[in-house]
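So, here come the structures, one by one.
Heads up, the next two complexes both have chain A, just with different partners, chain B and then chain C.
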Partner chain A sequence: MSYIDIQNINFAYHPKRPILQNLSLSIDKGQWIAILGHNGSGKSTLAKAIIGLLEPDFGTIDIDGMTLSPTTVYEIRKKIGIVFQNPDNQFVGVTVRDDIAFGMENLGVPQAEMLEKIDFYAEKVGMKAFLDKEPAELSGGQKQRVAIAGILAMQMDAIIFDEATSMLDPTARRELMDYIRELHNEGLTIIMITHDIEEALWAQRLVIIKDGTVFRQGTREELLKEPVTFIEAGLELPVGLQISNALKQMNALSLELEEHLWESSLKK
Partner chain B sequence: MGIQFKEVSFQYPGWGKQFFEALKDISLTINDKDEFIALVGETGSGKSTLAQHMNALIFPTSGTVEINGVPITAKRNKKIKYNSIRQQIGLVFQFPEYQLFEETVEKDIMFGPKNFRVPEEEAREMAKKALNMVGLSDKYLTRNPFNLSGGEKKRVSIAGILAMNPKILILDEPTSGLDPAGKKLLMNLFKSIQKETGKTIIIITHDMDLVYEYTNRVLVLNEGMLEFDGTPDYLFHRHDIDKWHLDYPATISVLRSINDKFHYNLDIYQKTIDAAVSTIAKAVQS
Partner chain C sequence: MKNVIIGQYIPGSSFFYHIDPRTKIIAVVVLMVATFLLETIWQVLIGFGIALILIIAGRVPIRKIVKGLKPLYVLLLFTLVFQIAFNRVGTIVLDATMQISPFSILFMIAATIIWRLLASFKKFSLLLFFAYLVGLFFIMKNLAFSPLWTTWQLTIYDQGLIMSGFVIIRLLIIITLSTVLTLTTKPTELTQGLESLLRPLKAIGLNSEDFALIISISLRYIPTILDEANKIMNAQASRGADFAEGRLKDKVVQVISLLVPMFIIAFKRSEELADAMESRNFVPGKPRTRIHDLKFNYRDLITTVITVLCLAGSILVKVL
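What follows is the complex of A and B.
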C-alpha cells in the first residue's frame, strides 16, 4: 500500500464549478514527486485536500494506512506538512522565532529541544539573523524561507511544497534544493508543486494536472520524451531539450550531442 | 522627465529604534521612454524597497527621488499630488494579495481608472480588456478575487495596473506563480506595450532567461547598494555574477556546456532558444 493513496476524488467550491474530477494518485513512502499544471488546474486545491483542509465531495484519501476524516485529520497533520503558496498564510506569531516555533508547539516538542531546532533550521534557510524581526518586516523571499523553516522543523514524514521557492534567488534556491535532497535521502517524502521544470526535475516522478485531474504521470525520463504532452498541458520542456528537439527536426543533431543535452538537462 | 534617484538612502524603522538600512546612497536615472529594465539581486537586497520609491509609496530617508520633475524627499510636501504620481507610475506588488481588495474582479480592476475619473462604462470596458490581455476570460469578472488560484490572482493584479494606463510600468516579480504559457503571454504583452507605446517597463525578477531575452538594461542591487547598471550582455559576459546570487541564462549555460564538451567555438551569447538552435545548426552543418 502506498503512503498517500488518493482514490477518485471530486471537489467543488461551488456546485456549478467542479474543480477536482476523478482524481487518483498514489505516492510511496520516501518518494519525491513534482506536480505541474496550468494556473487554476487544481494543484493547491489537491494539496489542501491531502492535509484535510478541504473535504472531497466524493472519493477517499488514505495516508499511512489511515483514511482521512474529521477524526483522523489531527493525527495525519502530525505526519504530513504543507508550505503554502502564500507564506503570509503560514504566519501567526509576532516574531520570526514564534513562527518557526508554531508548528513544533502544536506537536508538543519540549522547550529546550525547540529552541535548538529554531536555531538549526533558521540557519539552514539563512534566516538566523532575522529571528527577532516581525514577519511583516521581511522581503518576499525571506518570508518564503521562514515558512519553509517552520515546516522543516516539525520533522514530519512528508512535506508538500506549494510553489514554496518561487521568490528565492538562484543561489538560495539551489542551496535549499540541495538541503531538501539531503532530507529526501534520509527518507522524507516530498510533493513539490511548481511551474519551474528545472525544479521539477529534482523529483523522480512527474505528475501533470490538467483541468482538475491527472493528465499524465511517469518518471522524468518517460515524460520528457513526450514533448506533445507538455504542449497539450501548457507546459514547457527544459531549455536543453527544447534545443535538442529543434535540432533533431532540422536533422542537425548528432547522437553525441543529443546524449549530452539529455544528460546535462537531467543532472541536478 | 522619468525617474532620478539622487544619493538616496532608506532606513526601515526596526525594533527598539534599531534602524535597518535597506538602500544605501543610490544614484540612478531612468528615462520615461524606451527602456525595458530588469532589477535583480539577492533575496532581501532591496529591490521591492527601491520599486516603492519609484511611485512615492515610501519616501527616502535622505536624498531625493525626482519623479517626472517632482522632487520627493523625506519631508511630505502638501503641494505635491502623490496620487497623481501613483497614476503615472503603475506598480504591481510582489504579492497580489496586497493589491486586491474589492469584492469582484471587475470592481477591482475598475478601481484604478474610476479613481482617476474615467467614466463608469469606459472603466468597465477597460477592465474587461485588461482581464483578457492577461489571459483570463470574461467569466472571471464576477469572481471574488480572494477565491482565485495563486496565478489567477497575480494576473488580476497585473490587469488592475494595466487598466490605469500608467506612463511607466513597474512589475515586482510579475511571473512568479504564472504557468509557462502565462509567463510567455505576459512577457510578450509587456514587450509589445513597450514597443508600441515606447513606455518604460521595469521588472523585478530572479529569472535570468527573461532578463536576457526581454530587457535592455539591468540594475543589480546588493545589500542595498546599486552595484551594476548596464546591458544584459555586459552582465552575462562577467564571470563573477554569483557574488550577487545571480545565475546565467539557460541558453548561455547550454551553449557553454556544448563548447566545453565538444571543443566547439560557438558564440554562446544567444538570447533566445531559436537563436541558440541556429547557432548550433550552423556549426554542425559546416
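What follows is the complex of A and C.
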C-alpha cells in the first residue's frame, strides 16, 4: 500500500468551475514526486487537499493508512509538512528561533527538547547563526530554509513544496533544490508542486496535471520521450529539448549532439 | 523600510533588561498609582528624584526619554498656561499691565518671524520657544509707545506656578516610568508578560494566549506591511501620483488609492498565513508549550522591594 493514496477526488469553489475532477494518485513512501501543471491546473489545490486545508467534495485521501477526515486531519498534519510559495506569509515567529519553535509549540513539545531541536535543525539548514534574526533581515531563500527547519523539527515523513522556489533568485533556488535532494536521500517523501519542468526533472516521478485531473505520469525518461505531452499540458520544454527540436526541424541535428542535449536536460 | 524597529526597545544589558516583564509591568503600574497619591510639590520632586536615580542606575539613555516626551509638549504647555491664567490662590508674584498698540503688534510679528527663522536649530527648540514667550511679554509690557489701543492685566499667583509645576512633574514621572518600560523590554516580552498577567481572565472567557499571539503576529507583520506600502507608493509615484503635494482633497484620494490595495494585500496575506499556521498544527485555543519561559530571579525581588517601599512611602505621606 502506498503512503499517500488519493481516490477520485473532486473539488470546486463554484459548481460550474470544477478545480479538481476525478483525480486519483498514489505516492510511495520515500519517493520524490513532482506534480507539474500550468497556472490554474489545480496543482496547488491538490496540495491543500492533501494537508487537509480543503475538503474535497467527493473522493477520499488516505495517508499512511488513515483516511483524511476532520478527526484525523491533526494526526495527518503531524506527518506531512508544507512549504508555501511566499516565504513572508508563512513566517509566524518574531525571530528565526520562534518560527522554528512554532510547530513544536503547537504539538506541545517540552521546552528543553524544543531548544535542543531548534539548535540541531537550525544547524542542519545552515541557519544557526541567524537564530535571533528577524524575518525582515533574512533573504527569501533563508526564510524558506527556516520553514523547512520548522517542519523537520516536527519529525515529518513527507514535505510538500508548493512552488517553494518560485519567489527565489536562481542561486537560492539551486541551493534549495540541492537541499531538497539531501532531504530525499535521508528518506523523506518529497512532493514538489511546480510549473517549471527543469525543476520537476529533479524528481523520480513526474505527474502532469491538466484541468484538475492527472494528464500523464511516469519517470522523467518516459515522459521526455514524448515531449509533445508537456506542450499539450500547457508547459514549456527544457531549454535543451527546445534546441534539440528546433535543430531537428532544420535537419541539422547529429546523433551525437542529440545525445548531448538529452543528457544536459537530464543531468541534475 | 527594511529593519524597522518596532516599539522603542533599545538593546542593552543593564539591570532593567533582566527583570521579568511581569514584574516590570506591575511595578510601573504600582509606581504610577504611588505617584498619584502624592499631594505637594515637594513630594513629587522627591518622586522625580527617585525616578531619575533609577534611570541613571539602570543606564537608560536620558536622551531617549526626552524624545519620548516630545508628543506631550503641547499638553505640558497647556497645563502651564491654564494654571497660570486661572489659578487665583495664594499671593501675587507678578502683576503687570500689558499694553497693546500698533507698535507692539509690529514688534510681536517681528519676534514671531525671528522665532520661526531660528526653528531650524531643532536642538534648542524648547529654549527658543521660552525665549519667544519672554520676548512677547517684554514687548507688551515695555514697547507699546502710543497710541495705546487697549491694556490688560497679567496677574500670576504663586499657587498657580506651584500647581503647574506639580502637575507637570507628576506627568514627567509617569511618562518616564512608561518610557523606561518600553525602552528596556522587547515587544515580544511585553506581550508575553501581559499574556501571563491576563491568564486569570480565562475564567470570564478571554483567552490571553490567543490575544498574545495576535499581538505578536501583528508586531511581526508591521515591517512587512510597511515594505508593501512603500512598494505601492513607488508604483503609484512612477505613474504620476504625488503623495506629498496637492490640495487636501487630492491627498485624501491618494491615500484611498493606497489603502485599498493595502487592505486587499493584507487580507490575502492573512489568509495564506492562516493556512501556514494550520498546516503547522496550530489549533486555536489548544494548549501550547513555550520556548521562552518567564522566570523570576533576585532582580525581581529587588524591584518588588523598591516598588513596595515607594508605594508605602507615598501612602505614609498621604496619611500623615
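We adopt the following convention: the second predicted complex is superposed on the first by the 221 of 268 C-alpha atoms of A that agree within 3 Å, B and C clash if a C-alpha of one lies under 4 Å from a C-alpha of the other, contacts with A are read in each partner's own complex, and residues count from 1 in each chain.
One rule holds for everything that comes next: a residue touches a chain if its C-beta (ideal position, glycine included) is under 8 Å from a C-beta of that chain, and two chains touch if they have at least 3 such contacts.
Values in this document were obtained by computation on a predicted structure and should not be read as measured data.
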item: First, second, both or neither for A:Ala172, with chain B first and chain C second; value: first
item: Partner chain in contact with A:Gly65 - chain B first, chain C second, else both or neither; value: neither
item: First (chain B), second (chain C), both or neither touched by A:Asn86; value: both
item: Which superposed partner A:Pro15 touches (first chain B, second chain C, both, neither); value: neither
item: Partner chain in contact with A:Glu105 - chain B first, chain C second, else both or neither; value: second
item: Chain B versus chain C as contact partner of A:Ala252, first or second or both or neither; value: first
item: First, second, both or neither for A:Gly37, with chain B first and chain C second; value: first
item: Partner chain(s) touched by A:Glu137 [first = chain B, second = chain C, both, neither]; value: both
item: Touching both chain C and chain B, counted on chain A across the two superposed complexes; value: 86, 88, 137
item: Complex interface listing, chain B residues touching chain A; value: 12, 14-15, 20, 41-44, 47-48, 94-95, 97, 147-152, 155, 173, 176-183, 206, 208-209, 242, 245-247, 250-251, 254, 257-258, 261-262, 273-274, 276-277, 280-281, 284-285
item: Chain A-touching residues of chain C, taken from the complex the two chains share; value: 2-4, 187-188, 216-217, 219-220, 223-224, 227, 269, 272-273, 275-283, 286-293
item: Residue ranges of chain A in contact with chain B within the complex; value: 13, 37-40, 44, 85-86, 88, 132-133, 137-142, 145, 163, 166-173, 195, 197, 234-236, 238-240, 242-243, 246-247, 250, 252-254, 256-257, 260-261, 264
item: For the chain A and chain C complex, residues of the former touching the latter; value: 48, 51, 53, 74, 77-78, 81-82, 84, 86, 88-94, 97-98, 101-111, 114-115, 118, 134-137, 150-151, 154
